[in-house]
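Heads up: the structure comes next, in structure tokens.
Naming follows writing order (A, B, C, D and E), and every chain is counted from residue 1.
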Amino acid sequence: LRFKPWNKTAPLNVRDVVHDGPNTLATRELTVGYLPVTCHLTCPVTDFASKTTKSNTNFNSRVFTDFPTVVSALEAKQVQATFMIVPLAMKLREQGVPVKICYLGHRDGSEIIVAKKSNIRSMGDLKGKTVAIPSLFSNQNFVFHKLMADYGLKEEDIRFVVLPPPDMPTSLASGAIDGYFVGEPFCAKAELDGYGRVLYYARDIWPNFISCALVVHEDLINDKPDVVRDLVRGIAQSGAWAEKNRSEAANLVAPYFRQDQKVLEYVLTSEPRRVSYVQLTPSEQDFKLIQDMGIGLGLLKKRVPLNELIDDRFIPQDIEPANIQVKR
Amino acid sequence: MLAKSAMERRLRPVKEYLFSPFRGIRLFLSTKSQSDLSNSDTASVREISKEKVTSRHSRSNRSRLVLPIIVLLSLVILWSLISFFNLFPSYALPTPLAVLKSFKEELISGRLFNDMIASLWRVAVGFVLSALLGIPLGLWLGQHLRAREAFTPMLNFFRFLSPLAWIPFAILWFHIGDKPAIFLIFMASFFPLVIAIMSAVATIPAIYFRVAYDFKYSSWETITRVTFPAVLPQIITSLRVSYGIAWVVIVAAEMVGCQDGLGYGIWEARNGLRLDAAVCYMIVIGLLGMGIDRLFMQFTKMPNIRWGYER
Amino acid sequence: MSDENEIWRLTLENVSHDYSGLAVLRNLNLRVKAGEMVVIVGPSGCGKTTLLNLLSGYIKPSSGSVEIDGVIRTVYQQDGLFPWLTVEQNIAMGLRNLDDKQKREREIKDLVELIHLEGFEHHYPHQLSGGMRQRVELARVIAGDSDILLMDEPFSALDYQTRLRMRYELVRILKKRPRTVVFVTHDIEEAAQLADKVIVLSTRPAHISRKLNINTDRPRNPTSDSVIAATREILDVLGLETPTGKDI
Amino acid sequence: MLAKSAMERRLRPVKEYLFSPFRGIRLFLSTKSQSDLSNSDTASVREISKEKVTSRHSRSNRSRLVLPIIVLLSLVILWSLISFFNLFPSYALPTPLAVLKSFKEELISGRLFNDMIASLWRVAVGFVLSALLGIPLGLWLGQHLRAREAFTPMLNFFRFLSPLAWIPFAILWFHIGDKPAIFLIFMASFFPLVIAIMSAVATIPAIYFRVAYDFKYSSWETITRVTFPAVLPQIITSLRVSYGIAWVVIVAAEMVGCQDGLGYGIWEARNGLRLDAAVCYMIVIGLLGMGIDRLFMQFTKMPNIRWGYER
Amino acid sequence: MSDENEIWRLTLENVSHDYSGLAVLRNLNLRVKAGEMVVIVGPSGCGKTTLLNLLSGYIKPSSGSVEIDGVIRTVYQQDGLFPWLTVEQNIAMGLRNLDDKQKREREIKDLVELIHLEGFEHHYPHQLSGGMRQRVELARVIAGDSDILLMDEPFSALDYQTRLRMRYELVRILKKRPRTVVFVTHDIEEAAQLADKVIVLSTRPAHISRKLNINTDRPRNPTSDSVIAATREILDVLGLETPTGKDI
């Protein structure tokens, strides 16, 4: 459809420049959706890996701006695999969109951030404050409510606002909100700019916190199980690589995310508790907890059988780090 | 959340025009009606007023209403048929029934009403602000050639900036909630308004100023008693256009941490994967937009404005 | 009128005017008596409007002197009524200096009667016919303390029969409220019907090619002998007796 | 002082759009210039053309350019001062230098160019589509009173729907990438265009149709040789307005899974927490919008269109 | 002309016309000879335009019969030139039936010369003065195979001196290219200057109050005796000799 005169002359997208070119061995292709957040870091890494290492499938990562758009794209089967917040995937399933969670994207990777100068030291201090969450259907929202219950806070003790993650640091800086709970790198940004401070790491409140998972349309699973297998393996291996080569990973995804490499590097290297890309096998136990909370909040209406939602058949037995070389 | 009395006060005018739908749309963007073959310059007044009366009543109001309703009904029927025969899956196009159901739901919960008030309030404030600043600025620029030349590029530049692009600044400068939404609505409607009023002033027949000079109007009198009434019909038209922009922008404006409003309703519906609710909100937005547009048209009937649409 | 004989309302002495290099008027001398009706005719673009602007003090002459004695009001060719004001409000513009509200209202009523527009006080200009609008303009400039009326082709946008009637109207109104009038027209018949004195201007740069006094009483029938004679003479001066289309 | 402004006002229309960069703005929404004091009906042609020539050159081009540049420069200086004195923290308002740097960066990587082409392409396709469908529809509706009465409410309803609200449908119906973006641009610009053209047609002087009838024009000839050229000036104006909308909407339109484009650039900059890049993209969007607007103004110089802006 | 004596271009027999209840014309009888110039005058709103519309076949009479023999073209009071076409293209509208391109071009050249507009072929109407535009309209309706010209106050938007010149122009052009003309005007002088036959209509519902033949040769000086005599008579029929403003 598009007239692209510049393809021949101008240098290509930075995203393409770091590639060594398409993997000539690959016979299949798949587009995977993601948002430019570190929870989805393995997606562009897999994209990169599939093109620079030997694999049977070429993975193209497609960046989106928000989850509702991702959902629409998934419903329209424009992407058949994508990273997505887990409760939203449950909601989708509940509404009869045949999606399955085949793998996780990461563990942890979220923090509750409060203003640096504020004297909020614990959950209890948040009483009467305004806190931003990325979406009602985010695990952050669920976990936050669990935490409130733990601290004996009532629903009306905290004022919640839904904000697009990129707007959270600015809102905190301007004093519009007192804190927020969201995935990286939107937490690190506030820290680096000097007005935010970590109140809790996600793993402090919820060990092995999950926010996003790899969601795959059932049609793809039925039609091309091999591709899905390749995808899950690719992500697992990318995760293993990123876990070990954190600085390189930051370097690699910066052009994909079009983000400041410094911020990403800070996220990945400053504090190992921030995020991890191993142990990504989804467990029914974790999901049941999430589901319980969703139903408790009234956001999920019915219990989707978890064995229908989770499909862990594609997870490889042993995961080796992907063989990725990043040129400096 | 909003004072009830204020709410009621705001609602009354809306009710008035809800029942006399969509006439006068023909005036949109066109201030002068066509000249016709007969030269009525010399016709006596009795004739003129009689002609006007007849033309006003020459076609029954009812037929004016029937046609649009038929069109709307056939749209709804088409929609029903499409969803009945499942041409699109229901997640791609909610059925009219589902939309109706969610409409009922929102109505009963009182949320829809609350959202309407919230949006109307934001649009009203943003729009009134841009009118309060834009009209005097437009009048001033229209009368000063140099200033006009100096500022039009700037005004034009800002006209092309999407409110979405302003969002980060809106948050930084105005935090979250009503204020940034109002700011975004202001940014979207202010520049087109100033440009339109400025152009309108530049087309005022010079003779009016000449007459004002003859009758020794002071420069303040000239502005308030000549320039302003002379462009009033075009100001109304410009206000309608810029109000239209303000209303369209409500969805973008309510992205920034609003907890209610019709635009927020659409975001929430999308986030909650409720396309039926989204459609319900779209319909409400469209109808309300149309309705308020009709309110503006009431102004064009005021005798000291109407001349601009008659000659 | 004879006792006002020596009051000169307008005096032009050796007036010339240029528009940034374009010579328009050259050495005009003109004196207008109080109560006199002077009609100016001339080819289009010769500078008639410029002359009126000089007389009203709206522009200053490039050289020469203009003296004005009295309050000046102008009727323009285009519709100068404010369309956003009613008939009454438009007429009231001429009475801005009258502070006494009652007096003003009585005056407005008088003027509306004078122009035979009773019942239309609250109509807007666009609800009136062309002739009615011109009568309102007349009332507006005659109202209050005006002494001198300048009229720049006031009737040229009207059709012939209305024009004819408006001339009689003007004469009648001026009978009731005498004013000094300088009247510009293209219409030679009009000049001959109305003028005490006709000033014929030449082509640009314009000087006065003829001054013509007509002493018959007004109103004059357009086919009366004095009008025909004057018409004939003006046509002759302007070279319009058998015009060709070449220079239209 | 009044004399001068009256004269200037009279001289404006012709001059205004020949040389200066942004002047056609006065034409925005107004197609007819004012009548003036002097009756030039009978002036000979030599005079008329002379007057036009002189008025064209009466004010130097340079002064026309200088003023806007001064305004823009002072804006930039103000901005620099604000960031120099740290009135806002740098995360709240990027410094001009940072923006310049990111501009250079984007330029060198070729991404900015790529984004420009992508956005221009989408806007062009969406806009051309809405023109291709909107102009005939507007012409048709303008000439049929009944149809106009029947469809205006519907057109007006859709006019008030934000492109953001259409996004889910755009994706469901047109998938992701260029097509839904084009659809959104189309939806935003189509309805105002149809309404504007429809109103314009309704104001064509009846005499033109009468003449066409006298000369036995067929109905097809009447549409192509009378209706169309008669509203062409207003069509150009309407196109400018609706193009303006299309260009503003680019930011919303490129939310739908586009991988390039200026609007996408803004989203990416926001997601990437790069306010400097966002500002850089905003500036490019504003400037390109202005530039293309000027292109449209070139049309108004075409001799068979210009009459609509002259009389 | 005498040998065409018996060709009747237009015949109205007992024509009446109503506009949905408004009686406009009553029992008109009129026959227009080929080559004749009939001028219709009457009070405004009496139905003159309606009469032309009946003559052109644009509307059908409520009762009575209208017979037309020949191709009809109309000049309107408002500017009927298409502003998006050049002078040449506007004139070419009248030559649409001429397939021979060369012939058409020669004809256009002839017509442009006839109206003295050489050099303005590629100008657009808005670049011309009012008189020039009216001449182009004349050329357009005279072009090609037209037989009958209907003219509805064609010169009333022009100023007096241009109007005077255009009358001479019309006479000159019709001398070169004779046509049957029905001419509506408000201007009694114009009627008297141009007509072979003046038809005076009464107020609405209009009948013919007077038919007046003027047999002097054209062009006629506006102050010539025959014109003055005719003017006087028409003014008399219309009751305009000493009109009052009451019914403007």
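The definition used in the following text is that a residue touches a chain if its C-beta (ideal position, glycine included) is under 8 Å from a C-beta of that chain, and two chains touch if they have at least 3 such contacts.
What you see is a predicted model; the values in this text were computed from it and never measured.
With every chain reduced to the mean of its CA atoms, the largest distance from subunit C is reached by A. Averaging Cα atoms per chain gives one point for each, and the point farthest from that of subunit E is the centre of A. Here the chain at the heart of the shown protein, by mean C-alpha position, is D.
Between subunit A and subunit D the centroid-to-centroid distance comes to 41 Å (mean Cα coordinates, whole Å). Here the spacing of subunit C and subunit E, counted between their Cα centres, is 32 Å. Taking each chain's centre as the average of its CA atoms, subunit D and subunit E sit 45 Å apart.
Along subunit A, residues 68, 75-76, 164, 166-167, 170, 173-174 each make contact with two or more other chains.
Multi-chain contact residues of subunit B, defined as those touching 2 or more other chains: 35, 37, 39-44, 91-92, 167-168, 172-173, 205, 207, 210, 213, 270. Residue positions 44, 58, 76, 78, 129, 131-132, 153, 156, 159, 161-162, 247-248 of subunit C are each in touch with at least two other chains. Residue ranges of subunit C in contact with subunit B, taken from their complex: 56, 58, 72-74, 76, 78-80, 82-86, 93-94, 96, 120, 123-132, 157-159, 161-162. Considering their complex, residues 89, 91-92, 109-111, 113-114, 117-118, 121, 167-168, 171-172, 175-176, 178-179, 255-257, 259-260, 264, 267-274, 277 of subunit D touch subunit A. Here subunit D touches subunit E in the complex through residues 39-45, 48-49, 205, 207-208, 210-211, 213-216, 226, 229-230, 232, 303-308, 310-311, going by the rule given at the top.
Residue ranges on subunit A touching subunit D, taken from their complex, read 1-6, 10-14, 33, 35-36, 62-66, 68-69, 72-73, 75-76, 78-79, 164-167, 169-170, 173-174, 185-186, 189, 193, 257-260, 263.
Those residues of subunit B whose C-beta lies close enough to touch subunit D in the complex are 21-22, 25-30, 32-37, 64, 67-68, 70-72, 75, 88, 91-93, 143, 145-146, 148-162, 164-165, 167-169, 172-173, 188, 192, 195-196, 198-200, 202-207, 209-210, 213, 234, 237-238, 241, 244, 247-252, 263, 266, 270, 275, 278, 281-282, 285-290, 293.
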